[in-house]
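I have a structure here, written as structure tokens, and I will follow up with some questions on it.
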Amino acid sequence: MNIQTPIKNTPAELALIDAFGERLALLPGDGEVMLKRDAAIEAIKAGLPTRRIESWHYTDLRRLLTKVPAFDAGLEAKPVAPLIEGSPVLTVLNGVAGKPVAIEGVTATPVAEKLGDGTYAPALGAQGADDAIGALNSAFVADGWLLEIADGTVLEKPVEVQNVQAGGQVHTRFAAKIGNGVTATIVERQTGSGDALVSSVDNVVIGDGSEVTWLIVQEQPDTATHFGQFNAWIGKDAKFTLFVMNAGGKLVRQEIRVVTKGEGSDFQLRGVDLLHGDTHTDVTMVLDHAVPNTGSREIIRNVVTGKARGVFQGRINVHQVAQKTDAKMACNTLLLSDDGEFSTKPELEIFADDVACGHGATVTEIDHAHLFYLMARGIDEKTARGLLVKAFVAEVIEELEDEALVEALEARLDGWFAEHG
Amino acid sequence: MLEIKNLHARIADEGTEIIRGLNLTVAKGEVAAIMGPNGSGKSTLSYILAGREDYEVTEGDILFNGESILEMDPAERAASGIFLAFQYPMEIPGVATMEFLKVAMNAQRKARGEEPLKVPELLKKVKDAAGTLQMDMGMLKRPLNVGFSGGEKKRAEILQMKLLEPKLCVMDETDSGLDIDALKIVSDGVNALRSPDRAIVVITHYQRLLEHIVPDSVHVLYKGQIIKSGDKSLALDLEANGYAGVIGEAA
Amino acid sequence: MPAVQETIDQVRQIDVDQYKYGFETEIAVDKAPKGLSEDIIRFISAKKNEPDWMLEWRLDAYRRWLTMEEPTWARVEYPKIDFQDIFYYAAPKNQSGPKSLDEVDPELLRTYEKLGIPLKEQEILAGVKKAAPAESVDDEDADAANDNVYKSGRVAVDAVFDSVSVVTTFKKELAKAGVIFCSISEAIREHPELVKKYLGSVVPVSDNFYATLNSAVFTDGSFVFVPKGVRCPMELSTYFRINEKGTGQFERTLIIAEEGAYVSYLEGCTAPQRDENQLHAAVVELIALDDAEIKYSTVQNWYPGDAEGKGGVYNFVTKRGDCRGDRSTISWTQVETGSAITWKYPSCILRGDDSQGNFYSIAVSNGYQQIDSGTKMLHLGKNTKSRIISKGIAAGFSQNTYRGQVSAHRKATNARNFTNCDSLLIGDNCGAHTVPYMEAKNSTAQFEHEATTSKISEDQKFYVMQRGIPEEEAIALIVNGFVKDVIQELPMEFAVEAQKLIGISLEGSVG
């Protein structure tokens, strides 16, 4: 009974395998890059993860991924207005990097070039058997941007990278090598108008003493499947803030994998998930405190409406050497609909004893006392509810120090509430 | 009773020297006040006397009744009769104050080779002591220091001091966070413990406490050394003129 | 706490002497041949004079078990178990079922006496006052409180030795109140209608690998039936002892509280020291009908293995309560200090409206112990409440995992859960892990979860030691404070025992 029979691939898996055969000749890179792509598609052939794989417990990809669109080079995607007016914008439109833009202290290179000359090969490949997003992206990635930010650079304006799809399949990478003593904000937009399957992987290395904020604003249409993976390694005494907003997509999985590599480093995660319709959104974070004296705070706020299903999995690993780790995680959910669902699994894996770690999670409806208070002041129920729900997520946004970012994000929030609230 | 000889001590982790050649002698029956500006090493001195591991003695010695205590752990020092009233008493969740008193009293009795106290005897002692400090028995059922006000915590410290009957009491900034009524109760509690067999070291920033607990000697601690000693008039002088004059003299 | 060499040395020294229940009783036994097959199951069933339907039930479970695989999701590691290398039945000779006390082998009585379990009813009557924790001064009224808890001053005991129940005390008196308290073997023979109705109704035959194995080979355990409106007049308890070498213990416990009934049940376990691992795979099912309440407390102290992690009991247990009736309550309280490996998730199915489930747990691991334990609270009915308080303490080289699931079904309007799980680490060679799953499918559900992991604060330890309390005692005092919320859920007599046990379990863990 223990004999492993070869798996019978699902139609989606078969579509991916076929697409790989067809795309192969068009994908940049050969040699090592091609070997990595081959290995990655083998992982897909072995089957997409099911709920039996612990890290996919609430997102049975094998069951949920039913549609795989074909590549369509003929589609046209248009850049969107940047979140902050006047930001330099580097685009990837329907999977192809646009023209480079000159930014002082920043060297931007299309990933297609790096794949073509083979220097990007080491960054490809899945990180472990459960890394379906890494595998999918490694197999198909065709373009994106590599940002190299020189030591000591202070960026006045955020740099915005855009991945805009128009349908079909899009597999993109945004990588950043951020030097020492850098102050920078990067805005990443994931959006478009088509019925697409998107994978987008970020690899970000943050140098010693740098202060970096990275925002991912995901606003895919309700027809798109979006797989994001964000990997970061934080250097000594560096402070890194990641802000993730999910406000769209039919099937979304956003992975966040962060390692504190240098002593004295600090990681902040702020997440806002606005879920509506018949959609499925999964945010899964794995944070490794790998050296002594590092800190982290994660705050995730979720609003669930309609028939939406939301998931947050957050695991904090504190390695044996990582004494004096100070890690706190909170996940709070407002479940506003009887047909909505939210599942959360906040995990602590702790191997060092001199630590202060904790997590809190709540799932609630709107506080009736607050609602009553507002209504007693003459505000009608619908407006009052709207105010309270918005305040619930705006709290997280307002923690960002940059006023312009806060305003811009609140405008996105208002847009979402106007449409779905 | 207490002799501190050329004591040098530093923070064990990082090596910063806090106590730099401190000398101090306190006799049986004496009440000695140690005063000094913030950061002079007052609290550190109290921790070192009680045996906190975070500090490392690099030179000199501390003799208690003629014997060095440097090799003793905090519990052994306590059993030998050294009591520290903490500036910030720790909260011990889940451990009722009464239970804590029982365990502490009996641990010390055991170290001295005495029989543990019987429950009725213990209850009586605690009731009597608590009464003089105007503490109600309800408080003793609560977990030690958890949710106690500043004044309640300090009273609980004095209660422990009364019950454990130490030979040397070290009081670290006992007046901080006390209103005038609580200060009176606490001071009366300390004064009641004055005896020819017991020495008391009062560490304080302000002269205020010394109006209630009148010292026999006053020592000024600055940068880890005693830079001036005198009688209670020294405290009044400090109150009137500040530390600057004394520090200037010493420099 | 820094890992000074001393700590490591002291942990190494935790030797078998500290496990005071590690002795072996020399007694003649009846054993089934080693291994598992349909014949062995027929043998067990025949030994117990079971009716045919029971044998068929077992065989059905066995056939299903053959198609199942061992679960691997828990955070525990152990070599593959050879299920053919275990004795599935061992019973003291001439002891095919519980007898009256006079007939019990004196050697057995002495064993239980050594374990501190009084079986002679007279002794229990006389002995309880002596055992009352008069030392406690928590409360001036402690003595009075004791009297309240043990108004009757009696505990009825079912003693299970290896595969069989050797004696059950106070049966007659309980019967007067209408309470049935006997071994499950006896219940199968004497009360088949009740067993048929409820056995496997909470933990289905093919629930999980170990539960299915248990369903096939269970040898004994306790049966409790408290009829409508009856408040069980005394605490009931079962005392499990694995004695025989190479023997698995597969007990089955079934407790039914009818409408408005109340029962408090205690369970204790020990085993001799052995170099090889012994398997213990129990199934416990609780059923509470309308307005009924069941309190189930466990002090688990199976042999944990030696300082090198050799030997010890594998404790793979399925415990589940079904709040079948409206306004029913089931509370699990556990103090887990023993076993090499613990895999255990006492759970509540909150089916009845306004029903309530509680889980209070202390899990202490030291040496090379591995614990993966927690609970499931499944909210199905309206206005259901659950409360989870879990305190994990890891020392030595142990791994201590809390794994819990709280879910609210679509129809579970106003479901409420509060979870608090705190872990304490002593030394830096151990691990503490928290894996909660929260699943809300109802917008009126309110779940609150909080978890912390820390070490004993140096400030606290210094403060306590400054009052003259030596280091080990200081740690034990702080740890006992840490677990207080759970301890106070235990019946008084167990509470005192549990506190001592936690102290003993942590001995040698500090440097």
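Every chain is named by a letter (A, B and C) in the order it is written, and numbering of its residues begins at 1.
Keep in mind that, in the parts below, contacts are C-beta pairs under 8 Å (C-beta built on N, C-alpha and C of every residue); 3 or more make two chains touch, one makes a residue touch a chain.
The UniProt protein names, listed by chain, are A = Fe-S cluster assembly protein SufD; B = Fe-S cluster assembly ATPase SufC; C = Fe-S cluster assembly protein SufB.
Here the structure is a predicted model, which is why all the values come from computation and not from measurement.
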By CA centroid distance, what chain is farthest from chain C?
B
Core chain by centroid distance, with centroids computed from Cα atoms only:
C
For chain B and chain C, what's the span in angstrom between their mean Cα positions?
47
Chain A and chain B: spacing of chain centres that average the CA atoms, whole Å
55
What is the distance in Å between the mean C-alpha positions of chain A and chain C?
43
Where chain A touches two or more other chains at once, the residues are none
Residues of chain B that touch at least two other chains are none
Applying the document's contact rule, which stretches of chain C touch chain A when the two form their complex?
1-2, 67, 69, 73, 410, 423, 425-455
Going by the contact rule set out above, which residues of chain B touch chain C in the complex?
47, 50-54, 73-75, 77-79, 83-84, 86, 89-96, 98-100, 102-104, 107-108, 111, 119, 122-123, 137, 141, 143, 160, 164
For the complex, give me every residue of chain C touching chain B.
134-140, 457-460, 462-471, 473-474, 477-478, 480-485
Listed in rising order, the residues of chain A that touch chain C in the complex are 1-2, 54, 57, 320, 323, 333, 335-338, 340-365
